[in-house]
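Just passing along the structure, written as structure tokens.
Letters A, B, C and D name the chains as they come in the text, with residue numbers starting at 1 for each one.
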Amino acid sequence: MAIQKKVGILGATGTVGQRFILLLANHPTFVIHALGASSRSAGKAYKDAVRWKQSQPIPAAVATKVVKSCVAEEFKDCDVVFSGLDADVAGDIEMEFLNADLVVFSNAKNYRREPTVPLIVPTVNTSHFDLIPYQRELHKLSKGFLVTNANCSTTGLVVPLKALQDAFGPLSHIMVHTQQAISGAGYPGVPSLDILDNVVPYIGGEEEKMEWEVGKILGNIAEDGKKFAPLTNTIVSATCTRVPVLDGHLESVSIKFANAAPTVEQVYEVLEKYTCEAQTLGCHLAPEKAIVVTKDADRPQPRLDRDVQKGQAVTVGRVRTCPVLDIKFTLLVHNTVLGAAGSSVLNAEVAVAKGLL
Amino acid sequence: MAIQKKVGILGATGTVGQRFILLLANHPTFVIHALGASSRSAGKAYKDAVRWKQSQPIPAAVATKVVKSCVAEEFKDCDVVFSGLDADVAGDIEMEFLNADLVVFSNAKNYRREPTVPLIVPTVNTSHFDLIPYQRELHKLSKGFLVTNANCSTTGLVVPLKALQDAFGPLSHIMVHTQQAISGAGYPGVPSLDILDNVVPYIGGEEEKMEWEVGKILGNIAEDGKKFAPLTNTIVSATCTRVPVLDGHLESVSIKFANAAPTVEQVYEVLEKYTCEAQTLGCHLAPEKAIVVTKDADRPQPRLDRDVQKGQAVTVGRVRTCPVLDIKFTLLVHNTVLGAAGSSVLNAEVAVAKGLL
Amino acid sequence: MAIQKKVGILGATGTVGQRFILLLANHPTFVIHALGASSRSAGKAYKDAVRWKQSQPIPAAVATKVVKSCVAEEFKDCDVVFSGLDADVAGDIEMEFLNADLVVFSNAKNYRREPTVPLIVPTVNTSHFDLIPYQRELHKLSKGFLVTNANCSTTGLVVPLKALQDAFGPLSHIMVHTQQAISGAGYPGVPSLDILDNVVPYIGGEEEKMEWEVGKILGNIAEDGKKFAPLTNTIVSATCTRVPVLDGHLESVSIKFANAAPTVEQVYEVLEKYTCEAQTLGCHLAPEKAIVVTKDADRPQPRLDRDVQKGQAVTVGRVRTCPVLDIKFTLLVHNTVLGAAGSSVLNAEVAVAKGLL
Amino acid sequence: MAIQKKVGILGATGTVGQRFILLLANHPTFVIHALGASSRSAGKAYKDAVRWKQSQPIPAAVATKVVKSCVAEEFKDCDVVFSGLDADVAGDIEMEFLNADLVVFSNAKNYRREPTVPLIVPTVNTSHFDLIPYQRELHKLSKGFLVTNANCSTTGLVVPLKALQDAFGPLSHIMVHTQQAISGAGYPGVPSLDILDNVVPYIGGEEEKMEWEVGKILGNIAEDGKKFAPLTNTIVSATCTRVPVLDGHLESVSIKFANAAPTVEQVYEVLEKYTCEAQTLGCHLAPEKAIVVTKDADRPQPRLDRDVQKGQAVTVGRVRTCPVLDIKFTLLVHNTVLGAAGSSVLNAEVAVAKGLL
């Protein structure tokens, strides 16, 4: 019989929380056990507390569940807690949960830069789970730990970069331009008057996140085994824009290798062959291919490619020589699946497979 | 009394042709005299031949004008001919008109790379008109000549680049990422199924045009005075995408200077002070400011900024340091005004002011 | 020399307030004198208090004006006050202004159903100004009075209905289906996640407003001259939806006449000939034609027709026989011009022409 | 072991054809056997002939199949042929196929009004299959026959009307206003310049189809059993518009009953209880509920409700009293599933269950 793990969801009424619910309904390992939201929602049935904005209906078992406050005491019998909390409250709540010896997978940005907290993209750097024993020791925990996943745009970017770095050595320079979907801003999020017949060339804090997170994810654990050591010789320049697309972030990337540059054909070959640990471990949500390569001249496109591999793959196309750096290409990531809740859940599956929970 | 010049418009029923008509109705110098279109339209009243897609009505004087075939004989009494022809027919027709000693301002791409044909953005390189006497000599013309304007995306890009090159010396590297409006593809152009809730990361031939045209526009006339000498030490890498925006191309630009890089403040100052010959000559369509600088964090935006200065200016914002190259910024150009018909008409105004027609 | 009237604008930072500012900048009669907004904005320069969302820049004379609180004392030297206040605050504030003997033209819904307050669409029922003397008497005012304009969708509907009622007698049944632009909901208004690739078939309170307001506007002053007498034998059924359009409400209308129905040709003729008092009085913002008739099969369309006559006309097309009622047709009204601020300003111009202020 | 039927698809490269392929891949009864398209495509592998515009990839078994010409000889071993042909060619080709004794389910409009051809919406009037024996006799066929499905907008409309007619007797008047998705126009279909930030209030021929088809579908077979007898006392008035929505037609409906009108509660109850023969027969694509009722004030919405019941149900909401007729409500139908290919396939499933093929 399959292992069953009890799951709690923090921020369950938000857009990320709704995605957690859809991903976890009918999950072979995880069973939704507790839902947490703001005090305004606590005590209500989920269906009355939420403004459900998904095209699939609320799973029946979740609809009538009573929403709890986000306090650790209410979630103490959960084997794992997923956090879709907003950054303004995630810091305190997640730390309280960690201190209560709970396992927390967070989508919030608050602890991503913490030297002892893994920042894991599940198809890229699950080796970073190796720091968990030290994190537990540091916080004097027996079973709890905290893992974060990356910003949605960073997540899409690092998947092909990891494949290329593994094959051709370090990248010295990365330029990335994003065209991000409105769902990335939550609900109500982007006012329609701002985005219909328009593009907004700015997303607060996003460029800084991308420029920093890449280095930690593609980097290693320090030699002393007690902290992460982000890359120091890889420079990232990001420009982030918002476009009138519902789901799916498109990114135009140009890179320079520290060593000799590969050819376009070599890049395609490496991308096509890429596999990751989540696949090897046979995780439920692991995509069959972590990178889907397209050679159609006008692909990937958000509407046509975002649901490939149930949103857990990154689609890469338009690989070509860059006259300024070495190689340029276009990628697409489903921002609310692999780019958010899908990363957290797949990370947790990997943790189960590794015996961490 | 003002000079009056008789004007012909080729491709008058197309989207660029419609823009020519709106720009030339009520023009102080140019009077619409003849309209040319395909044989399917020739012989019909303009209002019956056109699928008018502008939010302003067809000017009354134009509506009932009978459309002619695009043969030079029909346009021989025009002082100037504007061509909004498609590339597949523009080559032969424009050459026939030139050989008939007519003055042609073309929006088509066919002769842009011709060593003796000026490729002029009216707020950038009107000095290139200096080659006209030699072009006439070469083609044995007494009054005719041919001038092209640039690709819409190139046009937006070169305006701030010219200002920066003048102030800080040559640029060694330019990376540009465009988000282009659907009107750039004409009518019927982009199918709605391709662009609603979507971005298309490819526009056929566009990247090559941008990467080549910048060098000719920002370059000089060769020493022998008999051809243009494009820049050889400026490398351009372009990525072009189509977004669900009606009008206005947004471009994210990153540049490296051959010499020491200026500060962000110096860049802002130079952009704000930039003036061009079309302004000095007092041309009717010359914008009050060729570059409009915005310091709002989330501007320029297509819907809010495309009509600034009646679409003849380029709006620049988000100037900041680029971790990979030197400086990055965002610009917006109205693709069917300065990026197309507006360039041709302003170029012609400059030619009148310079006594060339 | 022209008369100059000092103007105050309440709710000046909102979307309707911004439209008031654009309509009143450079107005031949009205001069913007005072701007009122919430206490959060009061004391700030207008440009710092507003989130300006118009494609034209803030008029220079307005940008630096200091915003006041919406209290009558601050506006006592205004000859006329335009209110773009939200309904939740408009009731108390507008009544305070009226009691202070000020002239108020309100876009809010609060007093539309008041039996002694005119509900005026400026191209329809300016005869309703006749009740002002009695309103002043009732409220013991020497110069102040209160006039409201109608809901944006009602406004578009009553213009052709008035023409038809005048020509063919009372309408017994009216069915109307609206497709309303997002700007009608203000800013931030409609979340983009709700309207991109979508239609929302419900707008709170809108159907009730349309079904009620038509009767008052197309009705008369009661025989005693002391109140309005809405029509009692005209039944309206409204269905209101929100569509992803920036500006311009499209309405599909079907009507039945109490008497014999006219032919389609007779309807077209009457619509084309319609004129109104605002035109006769020579008001500045009065459209040249209050109804613009189109016979193109696929018109009117929001994007192509909303700016006709500077947004002060209603465009009507697709007149045809209705198999269920008598006649059906399609109309378009610019919801933030004639449908909101443009009605208020034109109403005020009529009031000036009639000597009421 | 399950019955296996060999299937041919005409117009296989078009948008309806693509939907047929997705619905028939992995179907328990139908196996895709032959693909037909224009002579331009014939002889090519399907993946090279099609411009695939679906978010799911081309099924592998179909991708490499060679496309045939649409001649009966090429399809003679097919048990059933689905036609997604355009109306301009469907007439001749479908008749040739019928005369070759083939079974044809057509999505084209050409034979919908034919007195001996059933016009079947699979969740409404599968009793109309009863005329097939007579149709075969008339055309001297042993196994072939021709069945059409309805226009996409008609299809959505008749489902709730059937439920209400069954429960409360004939409808005397029906007014319907549609807001139709762009996918209804095929590919390239609606130019993006026509529909972005816009609504088009006209779809050629659509209103006439709706006004006529309802009567045949909700009517009976004539007493002599040799033709269909459309309703004569039900009057329909339709207004059809195009909106910037990808999939899903929204319809606002108002109806009058010949007899006493039911209450809103009675209408809801009847809609909720409605079942149809396709369900009773246990057909694979039959929705669990043919009508999904929503009581949320702002539903149904295209983006949120179109995929309910895999696109084979009609969602109905906003049932309320109509001041002019009796009852009004809003419905949503997925135009390319139940409104097109989904009807044809479910119709064929019913025919299999009834032993007709």
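Please note the rule applied: a residue touches a chain if its C-beta (ideal position, glycine included) is under 8 Å from a C-beta of that chain, and two chains touch if they have at least 3 such contacts.
Just so we're on the same page, UniProt names per chain: A, B, C, D = Aspartate-semialdehyde dehydrogenase.
What you see is a predicted model, and the numbers here were worked out from it, not measured in a lab.
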item: Interface with more contacting C-beta pairs, comparing A-C to A-D; value: A-C
item: Most distant chain from chain B by Cα centroid; value: D
item: For chain C paired with chain D, centre-to-centre distance based on mean C-alpha positions, whole Å; value: 43
item: Whole-Å gap separating chain A and chain D, where each centre is the average of the chain's CA atoms; value: 41
item: Rounded Å distance, chain A centre to chain C centre (Cα mean); value: 49
item: Residues of chain B engaged with two or more neighbouring chains; value: 53, 196-197, 244, 246, 303-304
item: Chain C residues within the chain B interface of the complex; value: 53-57, 196-197, 246, 303-308
item: Complex interface listing, chain D residues touching chain B; value: 53, 182-183, 187-197, 244, 246
item: Complex contact set, residues of chain B against chain A; value: 173-175, 177, 179, 196-202, 204, 211, 235-237, 239, 241, 243-246, 250, 252, 254, 297-304, 317-318, 322-325, 328, 330
